[in-house]
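What follows is a group of structures, each given as C-alpha cells.
Both of the next two complexes hold chain A, though its partner changes from chain B to chain C.
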Partner chain A sequence: MKAALAELQIELTPYQINTLSQAAYTGWVWTTDNFHKMTILPETKQILFNTIIYVTFTLLLFNVGFALVLAIATFYLPKGQAGIFRALWLLPRISPSVLYVVLWKWLTWDTGFLNAILNPLGVAQRNWMLDTTLNAWVFVVLINGFIGASMGMILFSSAITAIPKPLLYASEVDGANRWQQIRFIILPQLKWPILFVTVYQCLSLLTSFEQILLSTDGGPGSTTEVWALAAYHNALDNYWGNLQYGYGAALALVLVVIGVIMSFIFLRFFRFQELVRQPRIEQ
Partner chain B sequence: MEIILEDFTKRFGEVTVIEKMNLKIREGELLALLGPSGCGKSTTLFTICGIHRVDGGRVLFGDQDVSRVPAQQRNVGVVFQSYALYPHMSVFENIAFPLTVRKEHKNTIREKVAEIAELVHIGELLKRRPEQLSGGQQQRVALARALVRKPSILLLDEPLANLDAKLRLEMRSEIRRIQLETRISAVLVTHDQVEAMSMSDRIAIMKEGEILQVASPTEMYQQPINDFVAGFLGNPPIAFLDAHVQEGEIHLLNRKIQFNFPGSSMPTNGTKIRLGIRPEHYQPNNPIQIPGTISFVETQGRENLYDVMLDDGSILRSIQSSATESIEKSAQVLWGIQPDKVLIFDQAGNRI
Partner chain C sequence: MSQNFKNWPILTALVLATVPIVLMYSYLVLDTVTNTEPGGILPSSFTLEHWRFLYENIEGKANIWQVTLNTLVFASSVMLLVLSVSSTAGYALSRLNIPFRREFLAGVLILHAFPSITLIIAIFLILQLIGLYNTLIGVIIVMTSLQLPLGIWIMKGFYDSVPWEIEMAGLQDGASRFTVWYHLVLPQVRPGIIALGVFSFLSGWGEYILPTVLAPANNVQVLSGYLASLIADDRNFEFNLFKSVGLFYATPVVIMYLFFQDKLMNIYGGGTKG
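Entry: the complex of A and B
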C-alpha cells in the first residue's frame, strides 16, 4: 500500500497512513500463500542457515561447552572463590537485556573500549561488531552465550557436587589424574544434565532474538538475521513500513512447529523416561 | 610392605583429630583398627592412602617417605564403606579402572581382571552393572578393584558394615582368605570387636584419636592395658565392681567378700580399685562366691546370659551353656569368681 502511495507521489503523515491502513484492511482469508512465498523467497534459505549457525555455535560453545568448563573449573576451586566466580557469570543473566547489550555496544563502538585500547597500538578504528560478517557472528554468539552459560553452569555445578565423595576419592586412589577423573567419572555422571541443558537451550535459542535485535539487528545486511528475528521484522518492524502480519505469523508458526517436532525427536532419541527412571546406585 | 605412621598429626581447621600417632603395620599382616565411632579410624585410613594430607609427622611405605606423595602415585588399594563402585561402568570396567588409567595394554588388563575376578569368585558377573549386584557381590567387586593393581597395601574401611548378618560372616572369612592368599599387608577399619578379633593378626585399639594398645586378639582380650580396652572387647561385655585393697587382700561389698590379691605389684592399704570380671569367669563352681539375684535373662540359643544384681546394686554378668537347666529371673544364686582371672584396674582405669 505504501509502495502504491509512493508511486503516486503522495506524502502522508503517519497518522494519515494509519487511518488509511485501517480503511484499506481487507479482512482475513484462509490462505497458504504465505507458506508458498516462504519456499520461494531466497531469504528463507538465508535465515534458516543463520538460525542453524546461531543455535549450534551458541549452544555448543557456550550454553553447554563453556558452562561445563565453568562448572568443572569452579568445582576444583576453593569454595569461596568458586562462589564469587559463579556469581560473576550470573550477572549477564540477571541484568536487563537492553543495558547488557548497550555495554557490549560500548565495548565495540567506533569510539568504544576496544578501539580506545587498540587505536594507540596502530589498529584502525572501526565498529568491531558490525565491521565484518564474522565479527558480527562472533559478537552475536558471545552476547547470547554469556547469558546462556549461567544456566548450564548452575545445573552442572550442582550435579557435580551431588556426585558421592567416595567415588571421587576412589578414582584418586585408583590412580586417575584430574583429567581422567573428569573424563571417566565426572562427565559420565553429568550425562543427564548435559542432555537436558542441550535440549532446553536449543529450543529456547530457536525462539530468542532480542539480543540480536538490540545488538546487530540482523546486520550487517541480513547476515545475522535469524528466523525468529525475521518473523519479528516482517510482522512488526518493517523498515519500509509495509507490515506483513500474515507473513510474520506464518514464519512464527513454522518456528513453533519446528520446536514441537524437535521436542518429540529429543524425547524419543534420548529416551528421557528411561534416564529419569534409571535407579541410581546407593552410595 | 611395611607401613609406618610416625608422629602422625591431623587437623580439620581448628580441631585436632589425631595428635602424634605412631603405628606400624607389619609386612603381610592384617591389622584391625578398632574403635568407637568418630575416633579417627577413617581419617587414619584416608591419610595412609593419600586422600588426606598429614599436618605433622610422616607416613612411610617401606623406607620411602610418602607424606607428600599424592594418592594417585601411592599404589594403595582401598575398599570404601560404600564400596564406591563407578555406577556407569560395568563390573569389568570397574575392576579394570586402576589399570586403564595407567594405560596398560588391553590384553594385559583382560588377563589381570580375569585372574583377580577368579580369586574373589565373580568371574561370571563381569558384564553386569554395579546396580545389578547384591551387596556381597558389590563388596567382592570393590575388593577386586582394590587388589588388581597389586597394591603396596590394602585398606578396608568398615567393609562389612552394609551387609546383613549372614553375608557378614561369609565375607569375613572371604576377606581373610583373600588377604592370606595374596599375602598383602592390610588395614581393616571397624568398630565391631568381633570382626576385629576374628579377622586380624593384630588389633590396634583407638580412642579419641589415640592408639591405646596394639596386640594380638588373644593377648588384647586377656591382657588389656586399661578398662576401656577391657570393656571394648568381649561380648557380652566385661562387668566392673568397685573394691579396695586392705592388707594384701581385696575387699568387696563392704568387706563381706575378701580374697588375696593376685599378682605381686600390690597397691598400698586403702587404695580404691576396680575389678573387671568377664561373664565366662563368673560361674557356679568358682571358689570366691558372690551372692546375687538374677535380674535379667537372655537366651542366645547355645548359651544363656544372666545379669546378676549384687547386694550393693552393682551388676555381674555370667554366660553359661544352655544345656544346664536355665534359671528364672529373680532367683537367688551363689556363683563365684576366680581371683587369677580377675582384671584389676586403678582409679584412673589403668591395669594394675
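Entry: the complex of A and C
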C-alpha cells in the first residue's frame, strides 16, 4: 500500500498512513505497527504522565499515607469509636462502584451539594469535578483513594495490635510522647506491611480504571486519561466509533508485562518458597 | 489504648476526614424519600415518588425486577462456581503431590497479583467468536475465571492451616482421600468458605465493566449497568432517582456486610480493588 501511495505521489504523515492502512485492513497479519504507533503518538506521553501522577498521588496520599493515619489513630481510640471509623472507611470499598461514583457526582456537580453550600457564600456555581484539570485530578485521587485506604488500614491495624503491649507501656513510663511512640515503636514494626501494601496497590492502581471511567471518563479533554483507561477506550469505547482492538490490546499488553515483572519481584520479597512446601501424605 | 495521651485531637482529625463519607451516605438514604428545593441544603418535603421505578418502568429502560433477577442469577452463579472450583483446587494444591504444583501455584499467584481486567479486550473478541457475547452465561464464565486465582489462593491458605494429623488419622482408619476431604477437612475451613462465598457474591453484585462490555443488551442487563445507563440518559436527570435505585442496589450488600463483617476482613485484608 505504501508503494501505491508513492506511485501516486501522495505524501502523507506517518499517522495518516497508519490510519489508512488500518482502514484498508484485509486480514490477519503479523505486525509491530501498533507498538510503533504507541511510540510515535504524542498521546502516549500524555497518558504515561497521567498514569504516573495518578498512581503516585493515590498511593502515597491515601493507600499508604492515609491508611497509616487511620490505622494509628484508631489504635489510640477506645474500641467502640475505632470500630465506627473503621466501618465507615470500609463503606466505599463495599459499595458497588457505580453507586459510589454517583455519590461523588452528587457532591460535586453543578447542582450538587458543594454548590448548594458555597453559593450563599458568594462562590459561583460550577462543576467542581470537571471544570479544571487540577480539580479533576483532585477528585480522581480522592475517589480512588477513599476506596484504597481501607486495605492498608486493615493490614496496618492488625500489625499494630501484634506489637507487644509491654513495649508501649515501657515507653510511656520512660516519658515518651505520642509522636515518639509512633516514630520509634510503631512505624519500625510496620516496615513489611508498608512495603507489601505499596507494591500490591501500585500494581492494582496501574490496572484499575473503573472509577475514573465512571467519574471523569478521562476528561476534561484527556487530562485524566490513564494507561488502562486508554486501552479500554481505544479498543471498546471509542468516541469516534472506529474501534481499534489491536492498538488497545497492545496498550494492555504493556500493562501485563509490567504486572508480570512486578509480581516476580513481589514473589522474591514475600517468600514464595515457604508457600510451596511439599505436601506430606504421599511421601 | 494509652491513658496517658489525650484523645480529642485524634478524634477531631478523624471526624473531619470522615465528613465526606458521612455526608454522602447519609444523604444517600435521606434523599430517596425527600425533595430538596433547588439550591437548598436540607430536604423540604417528604415523598415516595423517587421509588416509582419499583412498580413502573422508566422510559426506555428495562424492568427493574428483571434486572434484579439477572443480577441475582449472575452473582449467585459466580459464587457457586468460584466456591466449588476453589474449594477443590485449593485442597489439591495444598495437600496433593500433583505434577507441576509449584509452577501452577506461581501462575495462580501471578494472575492474582495483576488484575485480569487487562485481558478484557481479548475476552470480548473470543466471546463474539464462540457466540456467548450478550449472554449471561458468557459473563458468568468470564467473571468466575477472573475471580478464581484469588479464590484458589485464599482456600489454599485456609487448607494450609489445617493440621495434618486430622487427615492422617482419617487415612489410618481406612477412609479414602475424598471422604477425608469432605467429612474431615472441609468442616475445618468453613470460615474460609463463607468468606470467599460472600466475597464473590458481592464482587459479582457490584461488577460493572464486565457486564457492560460483554453483555450490553437490555434483557441481560444487571443493576450496575441499569444504574449507569440511567445516569448517562440526559432526558431525566434526577439525582434522587439515581440514589433510590442506588440504595435499592446497595441494601443487600450492606446487609451481607453487617452479617459477615468479621469473616470478610480475611479477604479485604488481601485486597482486590485499587
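The rule is simple: the second predicted complex is superposed on the first by the 234 of 283 C-alpha atoms of A that agree within 3 Å, B and C clash if a C-alpha of one lies under 4 Å from a C-alpha of the other, contacts with A are read in each partner's own complex, and residues count from 1 in each chain.
Keep this in mind: contacts are C-beta pairs under 8 Å (C-beta built on N, C-alpha and C of every residue); 3 or more make two chains touch, one makes a residue touch a chain.
What you see is a predicted model; the values in this text were computed from it and never measured.
Student: So in the superposed three-chain picture, is A:E172 touching just chain B, just chain C, both, or none of them (first/second/both/neither)?
Tutor: Both: A:E172 reaches chain B and chain C.
Student: Decide which partner touches more residues of chain A, taking chain B and chain C as the two options.
Tutor: Ranking chain B and chain C by residues of chain A touched puts C first.
Student: Touch test for A:L107: chain B only (first), chain C only (second), both, or neither?
Tutor: The answer is second: A:L107 touches chain C but not chain B.
Student: Is A:Y245 touching the first partner chain B, the second partner chain C, both, or neither of them?
Tutor: A:Y245 contacts chain C only, not chain B.
Student: Looking at A:L155, would you say it contacts chain B, chain C, both, or neither? Reply first, second, both or neither.
Tutor: second
Student: Contact-wise, after the overlay, does A:V123 reach chain B, chain C, both or neither (first, second, both, neither)?
Tutor: Neither partner.
Student: Of the two partner chains, chain B (first) and chain C (second), which one does A:V260 touch, if any: first, second, both, or neither?
Tutor: second
Student: Need the overlap of the two footprints on chain A, from chain B and from chain C, as residue ranges.
Tutor: 172, 177, 279-283
Student: Would you tell me which residues of chain A are touching chain B in their complex?
Tutor: 164, 166-167, 169-177, 180, 184-185, 188-189, 191, 279-283
Student: Report the residues of chain B in contact with chain A in the complex, numbered from low to high.
Tutor: Per the stated touch rule, the residues are 46, 49-51, 70-78, 80-82, 84-88, 97-98, 100-102, 130-131, 145, 149.
Student: Any idea which chain C residues touch chain A in the complex?
Tutor: My answer: residues 1-2, 4-5, 7, 10-11, 13-14, 17-18, 20-25, 27-28, 38-41, 94-97, 101-102, 105-106, 109-110, 113-115, 117-122, 124-125, 164, 167-168, 171, 202, 205-206, 208-209, 213, 223-224, 227-228, 231, 239, 242-243, 246, 249-250, 253-254, 257, 261, 265, 268-269, 271-274.
Student: What residues of chain A sit close enough to touch chain C in their complex?
Tutor: 58, 63, 66, 69-70, 73-78, 81, 85, 87-99, 102-107, 111-113, 115-117, 119, 142, 144, 146-148, 150-151, 154-155, 158, 168, 172, 177-178, 181, 200-201, 203-205, 207-211, 213-214, 228, 231-232, 235-236, 245, 248-249, 252-253, 255-256, 259-260, 262-264, 266-267, 272, 275-276, 278-283
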